[in-house]
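In what follows, subunit A forms one complex with subunit B and a second complex with subunit C.
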Partner chain A sequence: MAAVESKQAQQVFIRPDGKEKVTGVGRYTADLNLTGQVHAKFRYADHTHARITRIDASKARALAGVFAVLTHADVPEVRYGGMVQDRLMFAKDAVRFEGDIIAGVAALTPEIAAQAAALVEVDYEPLPAITDYESAMAPGAQLIHSDWESYGAEDMGRDGNVLGHSTVIRGDADAAMATADAVVSGRYVADASQGAPIEPRAIIAQWQGDKVTVWTSTQVPFAARTGVATVLELPESHVRVVVPLLGGGFGSKCDFHFEGHVAALARAARRPVKLVFSRHEEFIAPDHRREGMAVELETGVRKDGTIVARRARLVIDGGAYCGEGGFFAQMAAMHAIGPYQMENVSIDSYLVYSNNQPSSSIRAPTAPQACWAVEQHMDEVAAAIGMDPVELRRRTLIERGKASATGQIMDEIGIRETLEAAAEMIGYGQDLPDDEAIGVACGWWPSFGVNSGAYVKLNGDGSGTIITGAMESGTGAVMGLPILAAEVLGMKPEDFSILYQDTDAGPWDMGSSGSQTTFNNGRAVICAATEVREQLLDMAEKELEASRGDLEIADGVVRVIGSPDKSISIADLAGSGTPLLGKGSGDVPEAGPSDIASHCIGDLGLTAFLAPQLITHAAHVKVDRDTGVVRVLRFAAAHDSGKIVNRIGADGQVYGGVMMGIGQALTEGTTFDSEGRQINPHLLDYKLMTASDGPEIMIHWEEVVTPNAGPKGSKGVGEPPSVPTSGAVGNAIAAVIGRHVNQLPMTAERVWATSQENGQ
Partner chain B sequence: MSATYLAAASVEEAVNALKGGARCVAGGTDIVVGHRQGKKPLPASIVAIHGIDALRGIAAAGAGLRLGALATHEEIESHAVVRERFTGLADASAIVGSRATRANGTIGGNVMNASPAMDTGAPLICLGATAVFQGPGGTRSIAVEDLFAGPGQTVASADELLIAVDLPAPALGTGSAYVRLEYRRQMEIAIVGVGAAVTIEGGKVTAARVAITALAPTIHRVVAAEAALVGTDGGRDAAAAAAAAAAAGSAPISDVRGSADYRRAMAAVMARRAIETAVARALGGQVSIPASTSTFAAV
Partner chain C sequence: MKHPITLNVNGTPYSVDVATAQSLLYAVRDQLGLTGSKEGCDDSECGACMMLVDGRPTNSCSYLAVQADGAEITTVEGLGEGDELSPLQQVFLEEGGVQCGFCTPGMLIAATALLQANPSPTAEEIRIGVSGNLCRCTGYDGIVRAVLRVSREGASV
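Presenting the complex of A and B:
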């Protein structure tokens, strides 16, 4: 009965921030204005790779209306970066990509600031730029960071331009390959792409004494706080980060970016300083885009579909700085094996520096590209043994209780069920016109167990407030937290307000990244609400003169089971003056062991996946053979994300993720010129899918109640919906034109050219 | 020069401002957006013409139609006579930019911006449209096919204001179409576009016009493609021959939107679809507007 009620409540659940966003009442960072504020602009690098021999800001400083001009000489020389400390706020000796910042200006108007930024004089000695990232590994290649050895860094196999090297070695791939009935090899190259949030980022900083408040469009307010404190050498307690409504991020607003620059400018200008990025800047300046990747795969298979061995070599474009992408080599290696049973694997994965824009996490970093390569390759493997590609997956996906290719035992997973569900929803095997076809692809993505905290308090009017460090990037994960608190406390989700996105209010949280909000903060909210529940029961025991075992909390009251007239409302208890306040964090789940971590190079703890999210996507496409233009007509997405806490919110993640995945499959690619400058840093030529391009999207949730996972047996939801999407689309295209397109995005021209090569 | 902004109340006032060096703005979808994208700074002196009522509307003019310079793409694509008799223009107006662009952008701005990738140019040329200007010395008409001088350039002088675009009545048995290569279904720009108008009498093509978009520094006719149609039955073979001629008459560039080779190949594909659609319409067939959508994956 309770379950039914709760399901109905979920179906009508309207997220608390929905109305203000839809009606335009909501305020984003760029909407804020502070009395006396001045405006910031950056002077970016004039070369993508050069030594700086002179910087002279005197003309910029002399311009009327300029309040502050900062270069490296005006701030502490602090190298920063999560895994490799390779970056300075303002370039000092060298520039390494087009978005490197030479100087920051604060002036009366944005126009004056832009004028002053142009007046900063910089002399350079240009160096050869490496934009073909695979060549960065060649012996004797120009070093992007000549002093790379001096950087503070984690042990991740660094060597010159190689920023990270990771292996996955299990069994004996060489020996096993010799026993295969067929060996299939292929090379697949993915272009870079972007998170492309519709809100270009904005930051305002204001000092009061020696403390600074920064309003910023970040996905990770606590990381932004740490960043400001680090680069300005302040105690973290002197930095408060507040995030107004966030207009999307998709990963691109993870990590610390420009908050330090703006805070430093505000201190120098002695005024609040506001920075609002143009669309062009939002493309070129963040050290945060989806990485280009070259994937070489070789798979040995027996006629019965058994995969006897997989070899792979991946080279990933890390760009000019590490950012928070240092784990990409190992993460990509895990996607080169995928959710399949294989006894013998040998994967080498390299993350390399280049003079391109730095790469960092965009929604499921490394996974869509590596999965696209592997899943197209799997269809080629199936073809080599004359087996239907779905049948090959049916035989090779990890069975419950069996080991992954890294030797992690997978007890409660529903990957095979997602395959069947997706195939059924899309109508796999049906007759279609000869320019239409269905493609299927599978993928996986880990959940991330990290610390997280929340407070829950009850107010005198019977309402509740959740005070959380979690960040609402638009996914609805924070907006869904009241569902969890309400269930514990016998209240309604709409009874709760949420105080969030203020580092002075909620406990530390990793932020909106790694699909982790419900997984970790949901656990914290349940713990905090449970504390309050105990407090309520303590009070009600006395008020109702009943023993605890006879009490229940439901419908906003504490009552004696079986005696509905013996009850007291939560409002009365909360209004009595006794504070009702709970705190919680809960125990962080950890992944079970793999059997290979000890002998893999560059292990960062990803050889086993905690509570893996499992996905099968199926795309029904139509190819305009004459032009190569592809339209996705129908789409089926079957996901094992464990128990689903908020169905409407989870569905929303799939709709959005699939659309993002289709964009990455067909049209979204960042193109660099021969020096590493973006050619299409604007929305006319960086082509996102529009609502009109959206196919019918059918969703199935394979609700495997997952032990050692998130609340109620849930897993993450946000990132997987983009993971196998381009693979499914690619396999469908290949089924029409007779050959796989080996470059991503699979643009009309590439589809057309591949089709021409195939003599179609 | 100090920045000035004048909202003109009459054509005369606007022409005066142009004479004084001002640039005119109507919907602002080129000048304002271009400025924000950093393509071109705003002109120092601007004369806004959106309040001049005389430039509005779509009206019968003899047997033809007069489009006021301020007629929006949305007004044009939804106009019954345009859809019925000047269908190629409806095809183009229905796909300019985004819905917001079409609600604000005007035919006058689209024509005078003279982008080689603008959509209304090819069908206007195929339909024999003339641009009507008013300058300090009075009015004059220039055939749209003679108007474009280069990317962003027209043969009109800086003090002439486009006041209308005149569409002559098409001959009986005429059908027209505009088809564009589209990587997505909305918010596209022409990567390759082709307009066609075909007149069929007694089963024979008696007149044909074919114009190509985004395939040369200006939108222009391809006479060889037209010649390949006239005198034929307008069937598949004729359309294919004309399409090949259209591709041969193109001079595409390579850029982030497509290589020259791909564009040349697509010129033939789009030309064939535009011609076949125009022929079908000339013969009374219904091909829904916009033709770019209804001819997707046409074989």
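Presenting the complex of A and C:
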């Protein structure tokens, strides 16, 4: 069993941005200041749901030191949003959550800007607020968007407060359920949670003539550019987005957020404008948090463990606006099935509006909550037929070459191997004290194939520069790109510099999202480097008077195979002045078909998973029965993410993702008051795991070299480490207290209360 | 009201005038231009702003600049020797203790203080020693390994 290898056995890879990060000289957006800059503050909604009857900014504008105050009346009325265009930059007729923005102010100091923002007068007619999102679907419920039918949107089953409705139906679940030896049902409810990067976001905008440059802490510079261009009605060529170092995101900095507001303020103020969020704002204002979810499951099983049918109904809290979370209903439906073989499924999944903070992608959106529900449910199914939970999974996980529950043939997958590896690493089956137990959970997550671009050029001294549209959020994915270019060009990774995070420099890329950077931009870099390789070989053919087939590139030279003295260095070729520049994107891989997409409601193309990443997690926990406090003592993470390209980077994703997953399992929950205001928007009550909470984490990579995937047979890496984590912890807790905790996070109070229900 | 004070930062004395309510963090970031120390919460919850004040790890966001008058202050910019990384800085990189890097300045300060107080900490002691510093990326594993390695290899901090 390959657990963590010793350091000597690994390729020690020092990230190129490392030195500036450990010395403190690296600049993040909030570290930048421009001559003449003034400071921005927002006036947020005073109600979570209300009609706006009057906005008067005259007193704010009259305050000394104020350069600009903007409301909806001062910017184009452009609705924006991912799959549903339901949001305006500044609220006009209504506010729908506590982070809706009424006005933006630019002033000499942040303090004056805050004072002016408070002077904006707003009159409201309050409306009933819906914070219990399941009630948003009730007949006659107050509409969150009364004019929802007028919005631009994709066909996703919208109806009033239902923002999206997806079904996944295969076989005949009703008929099959009747043939089961046991039918198990359960209901699980997950609270919302947060990406919570340690860097609160910051944005600076500066106009030069009719063009604007925006420095911003975004994960998706090209989407931010498109957003600014859209809401300010500018050509994209007039908007340049630059991302200095980014202090983490975890999804929360995906999508277009506040860049348009700051650009508009800078234009009106005729000054560079800087916005820096407080931690409180970082919690309440972004339309990006992990969605609350209610999951009802019913599974029919035979005594031999065969799952004959699964029914599920999911309701997902979309919050006040769609953001980029429009695909959540279908994605959650896929996780209500999981990586198991079953012929009959009937899943109904609803994404609904509420007056809570909008939901959008946070690391593996919808998966951790749905997987937590399903994997605890699977343990209950096992109990119902008296089977060991690992044995049930052993019998029902998708076998290599067999079909998933949506009819997609899974050729090269290692899910069963991850189960065995995780069970072995954690020591499944060992005798433990009665307040300790081991829980196991499995999950899956797709890779995302999209276009992506890069240039590779060689400099006159033979060094190289990678110019990429890809975004480095901290994962190391962009930092690892030189490994791929160097291999193609017979050079060393440290021979390359990287120009990145500037929309005027690199080609379009989706950004640091969907675990896609190595998968797609790695392919682009290899493609671009291959073009340069061909250019080098063209030149060397002439210089060495050799035929193409006799040449090789290695160790910084082009040489004739078998004649080491007949060679020319890459530096000599590059120094000739001939441009050596390659561009690349490569062919985007696509998922094999499912056999049900055509008859699913709200199909957005997710019923088949491209290059699925497969995971088994196993948690060894200790529960204090008197207090309900849970401590994870040891943790085993076994992943099939295909071939691993950069081990230190991949390991880092698992260590970080598992800790984020344990936080989501035990302490991380955003709670709302009866009107949808966050009760705990700060890091004392929204508890991230600290180092002292952390268990020993063991990692196994099941390196299934995957066809139709990323470079070298790789898949994505970044999101799966948080997917089955809370399910594994939940199953371990249940094994100690004798009952499953059906609310997430599984806080000490909830664990204790659940154990009392059981009479223990 | 402004107060004339002296901040000795990374061995250099700076004479500055600061407002009563000015935090040490923003005196160092805005007035001295040393932006390595970060604001993650402004509330002593995350540790990204941590500096050594007379050798003690201190959340500089919640410490007034006037309190630091005359004190010896070390920020992340003062950990290396010229262009040479300190052993901790180097090993943080080798062990995967750095991803986005936003917590790194405070984390390095916390780890430096820990090793100065306890040159041979156990893994458990390291985890407790840096538990005032939140990291969302690394899961702390690479950080703990890095501190252990520096202590075992006996490098001066």
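Things worth noting here:
One rule holds in what follows: the second predicted complex is superposed on the first by the 750 of 760 C-alpha atoms of A that agree within 3 Å, B and C clash if a C-alpha of one lies under 4 Å from a C-alpha of the other, contacts with A are read in each partner's own complex, and residues count from 1 in each chain.
To be clear about the criterion, contacts are C-beta pairs under 8 Å (C-beta built on N, C-alpha and C of every residue); 3 or more make two chains touch, one makes a residue touch a chain.
From a predicted model like this one, the values you see are computed outputs, not experimental measurements.
Shared-chain residue A:T690: touches subunit B and subunit C both.
Once the two complexes are overlaid on the shared chain, A:I648 sits against subunit C while remaining clear of subunit B.
Shared-chain residue A:P707: touches no atom of subunit B or subunit C.
Looking at the shared chain after the overlay, A:T667 reaches subunit B, while subunit C stays out of its contact range. Residue contacts after overlaying the shared chain place A:A196 against subunit C, while subunit B stays out of touching range.
In the superposed pair of complexes, A:I679 makes contact with subunit B only, with no contact to subunit C. In the superposition on chain A, A:V629 contacts subunit B only, with no contact to subunit C. Using the contact criterion defined above for the overlaid structures, shared-chain residue A:V22 touches subunit C, although it does not reach subunit B. In the overlay built on the shared chain, the residue A:G429 is in contact with neither subunit B nor subunit C. More residues of subunit A lie in touch with C than with the remaining chain of the pair subunit B and subunit C.
Counting contacts by the rule stated earlier, residues 278-279, 682, 684, 690-693 of subunit A appear in both its interface with subunit B and its interface with subunit C.
Residue ranges on subunit A touching subunit B, taken from their complex, read 278-280, 435, 622-627, 629, 631, 666-667, 671, 679-680, 682, 684-685, 687, 689-693, 747-749, 752-753. The residues of subunit A lying in touch with subunit C in their complex are 7, 12, 14-15, 17-19, 21-28, 30-31, 196-200, 245-248, 250, 278-279, 473-476, 648-649, 651-652, 654-660, 682-684, 688, 690-694, 697. On the subunit B side of its complex with subunit A, the touching residues are 36-38, 181-187, 189, 256-259, 262, 265-266, 269, 296-299. Those residues of subunit C whose C-beta lies close enough to touch subunit A in the complex are 29, 34-43, 45-46, 48, 75-77, 79-80, 85, 89-90, 92-96, 98-105, 108, 124, 126-128, 130-144.
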